[in-house]
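Please find the structures below.
Shared between the two complexes below is chain A, which pairs with chain B and chain C, respectively.
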Partner chain A sequence: MADALFLAISVLTIGSAIAALEMRSLVYGSIALMGTLGGVAGFYVMLDSPFVAMFQLAVYVGSIAVLILFTVMLVKRELIFKKIEDPKRKFAGIGLMLIVILALGAVIMDSGIKTISTDSEPVDFREIGGDFLTYYWPALILMALILAGSVMGALVLARREDTIENEQ
Partner chain B sequence: MSNELIEFVLISVALLGIGIYGLAVKRNAIRMLFAVEIIVNAANLNLVAFARFMPHSGGQTLALFSIAIAAAEVAVGLALIIVAYRMYKNIDIADFRSLKG
Partner chain C sequence: MSVIAPKFRLGYFLKGIFDNAFWILTIVTLAGIPAIQIVLFYLELPVIDGELLTAFLAFTWLFNPTMQVPLIKALIYSDLFRIVAFPGFGFAALIAAGTIFVERKMLAKLQLRVGPFYCGKVEGILQLAGDGLKLISKEIIIPAKADKPLFWAAPVLFVGTAAAFVALIPVAPGGWVVADLDVGLLAVFAVIGFFPIITILSAWSANSKFPFIGGIRALHQMVSFEIPLILSLLGVVILTGTLNLSEIVESQSSFPWIIFMPIGAIVFFTTMLAELERIPFDLPEAESEIVAGWLTEFSGMMYGLVQLGSYLKLYAFAALFVIIFLGGWTGPVFWPPLETEIITEGIPIPNYAGDPILTVNAPGLPLLDQDPNEWVLQQQGELQYTSGQLLVSGVIWFVLKTVGVIFFILLPRGVFPRIRLDMLLHIGWYKLIGLSFVNIFIALGLVYAGVIGPGGIL
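Coming up: the complex of A and B.
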């Protein structure tokens, strides 16, 4: 059965996921999103994967959440506090959410996953490092190129052309 | 290992449902990006949970790749939102229907 720590982290994760979508202010919403991402990092620690948890904290909570906060700051003040949604679609969305959760939950509860538990030793993070440098090295280089390309693309997209014209 | 696999999978399903709700209902571009992030995190949680119970290192490696690619996706997505905001002075995606160069 689930222990108290697991329950606490799941309440934090799911509660702040709902808060991230439903809070009126986008700033508080992005802080609540940080709570969700940190809660998922807590699950990774419970799953004996400290390496992924550290990566999650560094990349998601550290950089992505700060990037989102800065983007929110660039948006006009009244847009940050305005809720933009269709009231009609809200009920359809809640229905869709319940259908997805109930259907997938029923399928999972009915499957053999319920009986799976393990007593084996967790995977050592040294093994992951070895995998990265031996079997997955082409994927690692490709990922570096994708990251560099996407950062350059983001910079080119977000550049302001009018300031350059003003200087000339 | 006190927790079982099904508990992590059910949390992942709940996060997926919340993310789908956000994508379906919200028209705010930044909030839709929040919903995408929540769905990606649900997928990563599944990967790591199954990797723990196999046990195999492949799931964790794939989760690390997924986190890095998600970072790239957010950078480009936020840049696109800023460009669209500059053109339309709004972040409502209903206004982005007539996107032109």
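Coming up: the complex of A and C.
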């Protein structure tokens, strides 16, 4: 059962990733990207971490995919994208992907993880939250500062001088 | 007045019926029965009481009066019943249908109109059935330059997502919920995140100006109001320390959270109106500006499906408000226990004079109690309430509270005008997010002051 599910999710994830790259229509490409992100959420569920899976769905499928769709629909794509049909680039990309996969596989095989125990308890998300607030609090503060800085930078960049102030 | 079928003849009608019957019999004999036998060959049949449950035995039990109550009970406690009927789709669709009718009638009363009146003699009670028949029998028109796969998929996906939202809502104590997740509230947020995608895809796929404008408006509105929606519920999560919706309800057995978090409740209610595209936030469907917004190109049952989905969503949001702020199914248990004689001896059946002449013994009779021994424990004083009592009382309290919240969702439609898009975004990004942070700080203050929460006074 678990193997069939794993296989199905893998086919969904990788197939829709390939589709996201190869589709002619940008909207269908972004729908396929949603399929990939949802498949990753399925992997998280299979790995007994529904907390991360739900955040994957809420953040990546719910927000980032919407942002991509929004951009695709509002932008005239002829102005930005030029079609470059070069088979060499494609083969180079496939070769690069194979090298990366082989390297990662070699690292994992070398690391001594040969067997996986499937009946271990799922990690409680309360423990994760407690760890974040006690042991890893400097990292949490640092991340919050970085996010706040990037939001402020975006606001400064998006600010326009000629906006009419509050005409309610 | 036009005639419904001008060339109607009884002979043609009978011929049609006989033709259909002939073909159905032929196809069932040639294909259906072999298919059933093939499926039965591969099924692993269960063994009950040392007997293999074959199809013959199942039919025997189905028509045996002493086995019928246990059979119905087994059906009620099966997963299929939960998904299709009671806490799942059927229950929610029933409430959604009632909501549509009450909305039309109540709005008419508020505006000194009559509302649906002729259909079904008494106050237009059959108007909803008539509308449903009309929608089903109408032609589905698809715009010539529409993106057909997406256009077809959008209503179905909308109803499916709304049903997934409904599936997360617990209705009664004892696990009456389709999917009892440990991270239920996060799952709710994840499901809510799917609605803007479906809206914008359907709006884009219609390839028409009005739907696209409506879809962009819906996207602005939903994405910007999701943030205060999530933040306004975090206060309750901080106080209860759990994300499971059933546990959130059980934490409110003595008082509902709206007493301590009125600001969070107000923010959640406002964002709920915006997520549901109700007046005063119905810019995506503004009928006086952009025809019907992102629903413009839908026709026939596709429109009906989108409406069903949006009313299912309304029920689910109202139920979520009840679960998180109003205490869900908590309330006094008022359902009386079953009389002892009915269970031990049977149901007495009197004659015309009122003297009992025979008793009918029906095994497994407390139909809603999961375990028939519960009433014995209750008689001995070891159990306060049986699960059947809790179920009935809980469902009644839950439905009463949910209907109240739905009433308050419907009410602004008769009262308020529609607001502008920039005012809407201003409310969402400046005021509601600020208020929801105030709510979170109230919750943190209550926890650190030692009033509520782990080790608190209350």
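One rule holds in what follows: the second predicted complex is superposed on the first by the 123 of 168 C-alpha atoms of A that agree within 3 Å, B and C clash if a C-alpha of one lies under 4 Å from a C-alpha of the other, contacts with A are read in each partner's own complex, and residues count from 1 in each chain.
To be clear about the criterion, a residue touches a chain if its C-beta (ideal position, glycine included) is under 8 Å from a C-beta of that chain, and two chains touch if they have at least 3 such contacts.
Computed from a predicted model, the values in this text were never measured in an experiment.
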(message) Touch test for A:M73: chain B only (first), chain C only (second), both, or neither?
(response) second
(request) May I ask you to decide whether A:F43 touches chain B, chain C, both, or neither, giving the answer as first, second, both or neither? (result) first
(request) Between chain B and chain C, pick out the one touching the greater number of residues of chain A. (result) B
(message) Let me test your reading of the model: by the given contact rule, A:I146 touches which partner, first (chain B), second (chain C), both or neither?
(response) first
(request) Quick one: classify A:F51 as touching chain B (first), chain C (second), both or neither. (result) both
(message) In the overlaid three-chain picture, which partner chain does A:S63 touch, first (chain B) or second (chain C), both, or neither?
(response) both
(request) Kindly classify A:A92 by the partners it touches after superposition: chain B alone (first), chain C alone (second), both, or neither? (result) first
(request) Check whether A:M34 is in contact with chain B, with chain C, with both or with neither, and answer first, second, both or neither. (result) second
(message) Tell me the contact category for A:A8 with respect to chain B and chain C: first, second, both or neither.
(response) neither
(message) Under the stated touch criterion, which partner chain does A:V100 make contact with: chain B (first), chain C (second), both, or neither?
(response) first
(request) Please identify the positions on chain A that touch both chain B and chain C, taking each partner from its own complex. (result) 51, 55, 63
(request) Can you check the complex and tell me which residues of chain B touch chain A? (result) 1-11, 13-22, 24-28, 30-31, 33-35, 37-38, 41, 44-45, 48-49, 51-53, 55-58, 60-61, 63-65, 67-76, 78-83, 85-86, 89-92
(request) Using the touch definition up top, name the residues of chain A that touch chain C in the complex. (result) 27, 31, 34, 50-51, 54-55, 57-58, 61-63, 65-66, 69-70, 73, 125-126, 168
(request) Name, in rising order, each residue of chain A that touches chain B in their complex. (result) 2-3, 6, 10, 13-14, 17-18, 20-21, 26, 29-30, 33, 36-37, 40, 43-44, 46-49, 51-52, 55-56, 59-60, 63-64, 67-68, 71-72, 74-76, 79, 83-86, 89-90, 92-94, 96-98, 100-101, 104-105, 108-109, 113-114, 116-123, 127-128, 131-132, 136, 139, 143, 146-147, 150-151, 153-155, 157-158, 160
(request) Note which residues of chain C are touching chain A in the complex, please. (result) 147, 150, 181-183, 186-187, 189-190, 192-194, 196-197, 200-201, 204, 219, 223, 226, 241, 243, 423, 426
